[in-house]
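Structure in structure tokens, see below.
Lettered A, B, C and D in written order, each chain numbered from 1.
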Amino acid sequence: MDRRSVLKIAGAVSAATAAMFAVPRMAFAAYSDAIFKQKAGADALQNAYGANATTPSDQVKLKAPDIAENGAVVPVSVETDMDAESIAILITENPSPLAITADIPAGTKAMVKTRCRMGKTTQVTAVVKSGGKLYTASKEVKVTIGGCGG
Amino acid sequence: MKKIISHVAFGLLGLSVSAAVVAGPAEDRAAFQKFYENRFPDTPVADFQNGVYSILPAAREQWEAIEEFPPYELSIERGEEIYNKTFANGKSLASCFGDDGAVREKYPHWDKDRGMVVTMELAINECLEANGEKPLKYKKGAMADVSAFMSYNSRGQSINVEIPSDDPRALAAYEMGKEQFYTKRGQLNFACADCHMHTAGMMYRADTVSPAFGHATSWPVFRSKWQSMGTLHRRFAGCHNNIRANPFKAQGEEYRNLEYFVTYMSNGLEFNGPAARK
Amino acid sequence: MSSIRIKAKDRKGLVDVKCLMKHNMETGLRKDKSGKKIPEHWIQDVSAESNGKVVFTAAFNTSISKDPYLAFAFAGKKGDSLKVSWKDNTGATDSAETVIK
Amino acid sequence: MNQGMKVIALGVALMSSVAFAGNGTTAEHIEAATAAYKQVSKDTGYQWTVTVQTIKAAQKALDAGDDQGARKLAHEAMALVEATRTQAKLESENWKMRVPK
């Protein structure tokens, strides 16, 4: 990474804060407890997408490590060439598995990258909603207790 | 025949004597670096500055994903603010270290006048105190932020720590650091070298231990385990705690000399801090 | 200063966006030193607009890591504006705006 | 550190008589362990974290009226002190073997 670019961005951001006082018009995806507090992934999908029948597809590209370096910060990315309306990530062993939903308007790439918490070794599933149907890709992420705390 | 033997004996003796005479820091370093190059032949030498990720491709991928937008960038920003904050006397850290604080390559160094190793964090606090400001805590927080800002602006500077030959006290400080590195400590009976040299790359429970070659290059770091920034001496203390040895004081003589030794061992690499670590 | 840092770069008509949002993302499961549960406190919604048009929205659970990272990409160009906003479960909001490079 | 090593032999001689004699009150055994702990710290320049933890545990057990448990812990602390000494003694030369040539 080039250090100058960061300093410039920092400058741009602080310049932008001046414009922030006007209350922004929000266009949020509308988080809902009915979706995210579900204990079962299928229920979460049902409430988020009105369906929970899923089809595994190799067109859903899920990237997550085999062994997490640290369960508190696990990089996960989902991408697909399908015409996607929405992308979700499920972490099966978490108390409420649904971690994120991302809506993909026309003109936006069907891709999302984030970092997730995983309490223990778990199945991670990427869900892509395309043409009203849900397509998935899954993999196991091992979460271990490290030997070197410090 | 007798003559030949005595010649051989003399030759051997001469060899060992000369080796004993010249085995100084430079030879130590050559042997140290060669050890890691032999152990990890697939790692390009310059890559050792990336710690465990230089030898562990699977972890490296996650690390690179974190480095896409590393958490330490927020620390750099905070550090910049502190760096440019005006002291009560009208000066600032910039009065001591220049506009951008890109002075990482000057530390650690041997201060002949005071007869001690001076690290960058120590120098930061000395600048604060000389200007009537309160010193910062050495292990984390504002100190790590300032150090992150200065290290960031110093990225790419080469590590070239000197052990001046005209001051035997400098060599003694180096030797103290060296002894620390190789001496077993704590109830678990580990030396730094046991994990980070002789079993570098192997697993301790679920963790692969990092090679010590390159250890001093990337500080301060944002450690996922800590969920915060920390300085090299914070990590030294953490390692000592792990092996159940009482840690020494951050920026005390023991850790400064250990930093002196470890950084000297990485001469030829680049400073590339701050960094993200697991 | 805003809690959001944005890097947005035009790569042949596709704008690569990376954001880091400073937020504790408390799960509600952690306890403080006195053993009291720290109440959950997390970003629930994130939205991105470019030139006034919504280009990306996401909803988070508490399982998104502390100081959330989010990357996405949309069709746009250098010089366009990009605003990223979040709202957390207490109703607090923040936003930041940048110009695409 | 080397001059500390010279004191070690003396230190070992001093403490062994108190620690494993078996007589004296438990409080005295804890006191002896504490003194030995301080001495080894001085002699070797460092200390094991578990030693002081064990001494504290011994005191706690004694305060709670568990005389036998406290005594056992005090002796354990003494053993840790001795092990610390032995380690320092061995390491005063052995560390050199780990230096790559």
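In this section, a residue touches a chain if its C-beta (ideal position, glycine included) is under 8 Å from a C-beta of that chain, and two chains touch if they have at least 3 such contacts.
All figures in this text were calculated on a predicted structure; none of them were measured in a lab.
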**OP:** Looking only at C-beta pairs in contact, point me to the busier pair out of A-C and A-B.
**Re:** A-C
Subject >> Euclidean distance of C-alpha centroids - chain C vs chain D, Å >> reply: 54
Original post:
Roughly how far is chain A from chain C, going centre to centre by Cα mean, in whole Å?
Top reply: 12
Original post:
How many angstrom lie between the CA centroids of chain A and chain B, rounded to a whole number?
Top reply: 37
Subject >> Centre distance in Å when chain A and chain D are each reduced to the mean of their C-alpha atoms >> reply: 53
Original post:
Residue numbers in chain B touching 2 or more other chains?
Top reply: 68, 73, 77, 227, 241
**OP:** Please list all residues of chain D that touch 2 or more other chains.
**Re:** none
**OP:** Would you give the residues of chain C that are in contact with at least 2 other chains, written as numbers and ranges?
**Re:** 1, 5, 7, 66, 69, 71
Subject >> Full enumeration of touching chain pairs >> reply: A-B, A-C, B-C, B-D
Original post:
Mind pulling up the chain B residues that touch chain C in the complex?
Top reply: 68-69, 71, 73-74, 77, 227
**OP:** Mind listing the chain D positions that touch chain B in their complex?
**Re:** 1, 46-50, 52, 80, 83, 87, 90-91, 94-96, 98-101
Original post:
Can you list the residues on chain A that touch chain B in the complex?
Top reply: 1, 3, 6, 10, 65-70, 72-75, 77, 113, 115, 144-150
Original post:
Touching chain A in the complex: which residues of chain C?
Top reply: 1-2, 4-7, 14, 27, 29, 44-47, 49, 54-66, 68-75, 83, 85, 87, 93, 95-99
Subject >> Sites on chain C touched by chain B in the complex >> reply: 1, 5, 7, 18-20, 22, 66-67, 69, 71
